[in-house]
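Structures are listed in the sections that come next.
In the two assemblies presented below, subunit A is common to both, partnered first by subunit B and then by subunit C.
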Partner chain A sequence: MSALELQSLLPQIILALGATTVLMLGAWYPSRKWILGGVVIALFAALSAGLMTPAVPEVGNLYSTGSYARFFVVLWSLLGALSLLLSLRYAEIHDLPGSEYCALILFAICGMSLLSAATSLIGLFLGLEAFTLVFYILIAFKREDSRGAEAGLKYLVMGAVATGFLAFGISLIYAASGSFHLPEAFAGLEQAGGMRPLGLAGWALMLVAIGFKVSLAPFHLWTPDVYQGAPAPVTGLLATGSKGAVFASLVPLFAALGPLKADLEQVLWLLAALSLLAGTFAALPQRNLKRMLAYSSVVHMGYLMIGLLVGGSEAHRALLFYLISYAFATLAAFGVLTSFSRVDDEPQEYADFRGLGYLHPRRSSLLAACLLSLAGIPPLVGFFAKFGIIAAALKGGYPGLAVIAVLAALTSLYYYLAPIVVLFMQQRDARQLRRGCRHEYFVLALCFSAILLLGVYPAPLLDLLTGILP
Partner chain B sequence: MISVYHYLILSAIIFSIGTFGVLTRKNAIVIFMCIELMLNSVNLTFIALSRHLQNMDGQIFVFFVMAVAAAEAAVGLALMIAFYRNRESIDTDDFNMLKW
Partner chain C sequence: MATWIFYILGAVAVVATAMAVTRRNPVHSVIYLVNSFFALAMIFYLLGAPLVAAWEVIIYAGAIMVLFLFIIMMLELSPGEEADRQGPGALQWLPVLLLGAALLTCTLLLLQLDPAAGQAVPNWYASPRDFGYVLFHEYALAVEIVSFQLLFAAVGAFYVGRAASREKQPGGQQ
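The block that comes next holds the complex of A and B.
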């Protein structure tokens, strides 16, 4: 690797080396202050990604350093910094080791930004594994909590099987095309002749693996269990960053796909429709906020899948906008749960929230705003995002999916309003929960202003997304 | 004469055995062994293809798969110990605290 390539990959190197340093120094000076150090490292990486011009457009035929990749480095670093800030008090209360936690989150951000930058199937595999391995540990980070261990083990078994499918799928694509590098791999698949069915089978296996990682129905069964068992700030990052990074890597992948996409169209259609329907029906009877958010995330993944299926720069822009709006609303929702959590347990059953709106009006209103944004109520950003996806589906010639998406959005009002009703319109018999701290309020206010501002004035972000799309 | 197709078929069979084992076995460690079987069948495919295509990329991928498999096994065994400490079992039937 030349010095120029190292310079081009600097943001990811800052994250990885920073994480290693924190891990090493934490062994001698254990302290929870390291989490603040991690915030600084993440912000530093975001700054270097935003301000420095990369010297080469692609590093080692593995990772792109284009503006698209850089944008996602900034986004994941900011999300990581926000969830580290959220975890500061949480780690203190639950007595989590600070330096290990911080290092793991930094490694996860590094993996996500590598995945979003992948231009080769090797890069894709490595980026994906880099942060999935970290999440196995983070989910079970509270060692004495048996639910955490169970969730971690469930995620590990599912994730390892998905890894096997991904690797086998890549091997079949390699068999048909003889290359890992993205445009060539698909171009080779077109001319493969007798090996072409093998390549398509490889694509099918890869889709299974991707379905597992982003929890598309019918591969979504791990999602509610893992959301429920994992610590709330970790769930926040898992729900936003890890799924978002996979979609961010899929957008250039599908743009490079070319005429091959016609073969995959029906499968993608089915995945999108099934995710919308299965997520909606499973979310309806939930009485646990984390599980409800898990099933509703399956629905959101269905929306994102529509954007991917329609294709074209407009649909991809709608997809990325949706991804960002979903990320901020979800992170804030889990942020509120984090700020409510106490030593013994995190409140997540609806019964814990009864009448809480009178006891903790600010955070309860914020939780309500996040849920309303996820449901797509104007003027919050969720409305505009959903509108973009459905309009893209109609324009792209998928009226059936558009109808399913509208129905899913209407039904979602029921399960998003249920917790809000519990918060504000029932007898106040909830116990007082933990008081928030400054860091948490700062993160929550930032997410809320993002939800509100982007909903009222989305034009700058849309322009930015148009500029970076490959 | 053994061609690349024989290797591909063999690794497909091993992969299927691994997948079948993951779906049917109850003990978490045996499930892990099955996952290793799946990943190693992938390695076999890559090595056979690398020779067939006269292209070193496949062999490089094998090293990455081995590294990932090792890391996964390390994390997995640690998680199993954490689970065993709490529940005195690593049977998948005992993964029952989180449902519906």
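The block that comes next holds the complex of A and C.
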């Protein structure tokens, strides 16, 4: 480990050390203002990742410092900063300790940035565990909430099992190839005979773990309960950052896969199709916004899986674009939920939203815009994202998946429109105001402009993504 | 010879783990698990990793299992069936005795054949020095990341644990 290497990893180091500093100082000066300090630290990390040119391309054979990795450091830091801003009022009304909360979120961002920069299976494992560990705590962060504790426990138990699968899978791949480093780790698994079965078994175990972390279809059962139980800003970060970081790390992983991908193709096809179908059917009868978003996120993960399966730079670009559009729309949706929450309740059931569109027209329309973007209505960004993925599936020779994806998109209109109908078209019976604060409005405005601007003018982001793809 | 020991140890590990999973009495499970850890430790030793073998015994069979026993004690899990209260019968202690005897035999055989004691240490043998060098040079960054994770795990355990104790006695501490 040389000084140059440390310097190249500066953004992640800022996040990790910032987290510990906030944690330590918070012991002496407990205050919710630390959350604002966390925002500054996250922005600082984003700036350093965006502006600095790293001296070495790879740190310790574990993490890349290339433009792809740095782009995601910027993205996760921004998302983290936004969710910290969202948490300010929420932490106050629910009496959450500021410094611990802020430190945990910062370290979660650090873990995500490490994960999406991973160039070795060890780096992947460590990055993934870094933020999963933090989420176990954050999900159960509200003290008096027994549902939060239940969600945290569910995530912990299932997450621990998934981690076991991941570690075992990685060790089998290592046993087969003798290397953790990415292109080499899959070398030697192509030709028949020898250690190939061992490597494939390792891949199967790894797919189980990955499927759990991003909630792909047979492994998605934890999602609705955890979404429902976790505090709304935490759910926002869990739904966007933690799943996004896994996909961001999978893109280089699958690019390094080479001919081995042909063996995984059927499994990936099945995962994508199952996620699209199971998520859609489970989301249809939901009457709880958080649970509906949970099941719909399973569908979105199915779309992302299509991008991964098709492969090639164009499909990967479509995947990343989809990821970003999904992240902003989802974060804003949970942001609206956060800003609607009061001391005693957090609106989740559709009945809670009845007529809110008349009381709070701006935030309700924003929620509607996010849901429409997730459903893929032009001119919002979700449309172009879905279009890109489906076009890639058609070009890549997966017409079956493209058909399923189109059907899922059409059906999704039903469950995305249902809350909008409740918000605007039902009799007004919400009387009490649900006031937010200006930090929340700022975040919501930013997310909204992102989903609108990217929808109208996606070219700069697409060019950027083309430039950074490995 | 080493191959034979390996297969015996492997069988012991598999049988002991299977027994640990299927026992109804948690303390019996712990005993079988300790057996399995000992077998694993010797397998590591055979593979040329004496440090990992020592850790397996000290950390897993020693520390973690004691922790398990503490937790079982604190949860006051009931022994369950009537037979358990009358003391263990032959069916319950015989398997663990056999496994233990197998482990002891393997240990004695290993002492005779010790791969590390020979003059020419094979190149796959990872001495503690080599191990430490690789861990703190090649994987120094990984060690740092893990230590950060442990710090935040401790913070989380403390936070969640404190929350639980506060919930039990409302108004007690605040």
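In the analysis below, the second predicted complex is superposed on the first by the 465 of 470 C-alpha atoms of A that agree within 3 Å, B and C clash if a C-alpha of one lies under 4 Å from a C-alpha of the other, contacts with A are read in each partner's own complex, and residues count from 1 in each chain.
Here, contacts are C-beta pairs under 8 Å (C-beta built on N, C-alpha and C of every residue); 3 or more make two chains touch, one makes a residue touch a chain.
Everything numeric in this text was worked out from a predicted model, so none of it was measured.
When the two structures are aligned on the shared chain, A:V422 is found in touch with neither subunit B nor subunit C. After overlaying the two complexes on the shared chain, residue contacts for A:A255 are found with neither subunit B nor subunit C. When both complexes are overlaid on chain A, the residue A:I137 reaches subunit B and subunit C alike.
Once the two complexes are overlaid on the shared chain, A:L126 sits against subunit B and subunit C alike. By the document's definition of touching, of the two partners only subunit B reaches A:E150; subunit C does not. Once the two complexes are laid over each other on the shared chain, residue contacts for A:A16 go to subunit C alone; subunit B is not touched.
By the touch criterion defined above, A:A175 reaches subunit B but does not reach subunit C.
Once chain A of one complex is fitted onto chain A of the other, the partner contacts of A:L104 are limited to subunit C, with no touch recorded for subunit B.
In the superposed model, A:G229 makes contact with subunit B only, not with subunit C. Residues common to the contacts of subunit A with subunit B and with subunit C across the two structures: 122, 126, 129, 133, 136-137, 140, 143-144, 152. Remark: subunit A residues 122, 125-126, 129, 133, 136-137, 140, 143-144, 146-147, 149-154, 156-157, 160-161, 163-164, 167-168, 170-172, 174-175, 178-180, 198, 224-225, 228-229, 291 touch subunit B in the complex. Against subunit C, in their complex, subunit A makes its touches with residues 1, 9, 16, 19-20, 23, 59-63, 97, 100, 103-104, 107, 110, 114, 122-123, 126-127, 129-130, 133-134, 136-137, 140-141, 143-144, 152. Subunit C meets subunit A in the complex at residues 137-142, 145-146, 148-149, 151-153, 155-156, 159-160, 163, 166-167. Subunit B contributes residues 8, 15, 18-19, 22, 28, 31-32, 35, 38-39, 41-42, 45-46, 49, 53, 55, 57-58, 60-61, 64-65, 68, 71-72, 75-76, 78-80, 82-83, 85-87, 92, 95, 97-100 to its touches with subunit A in the complex.
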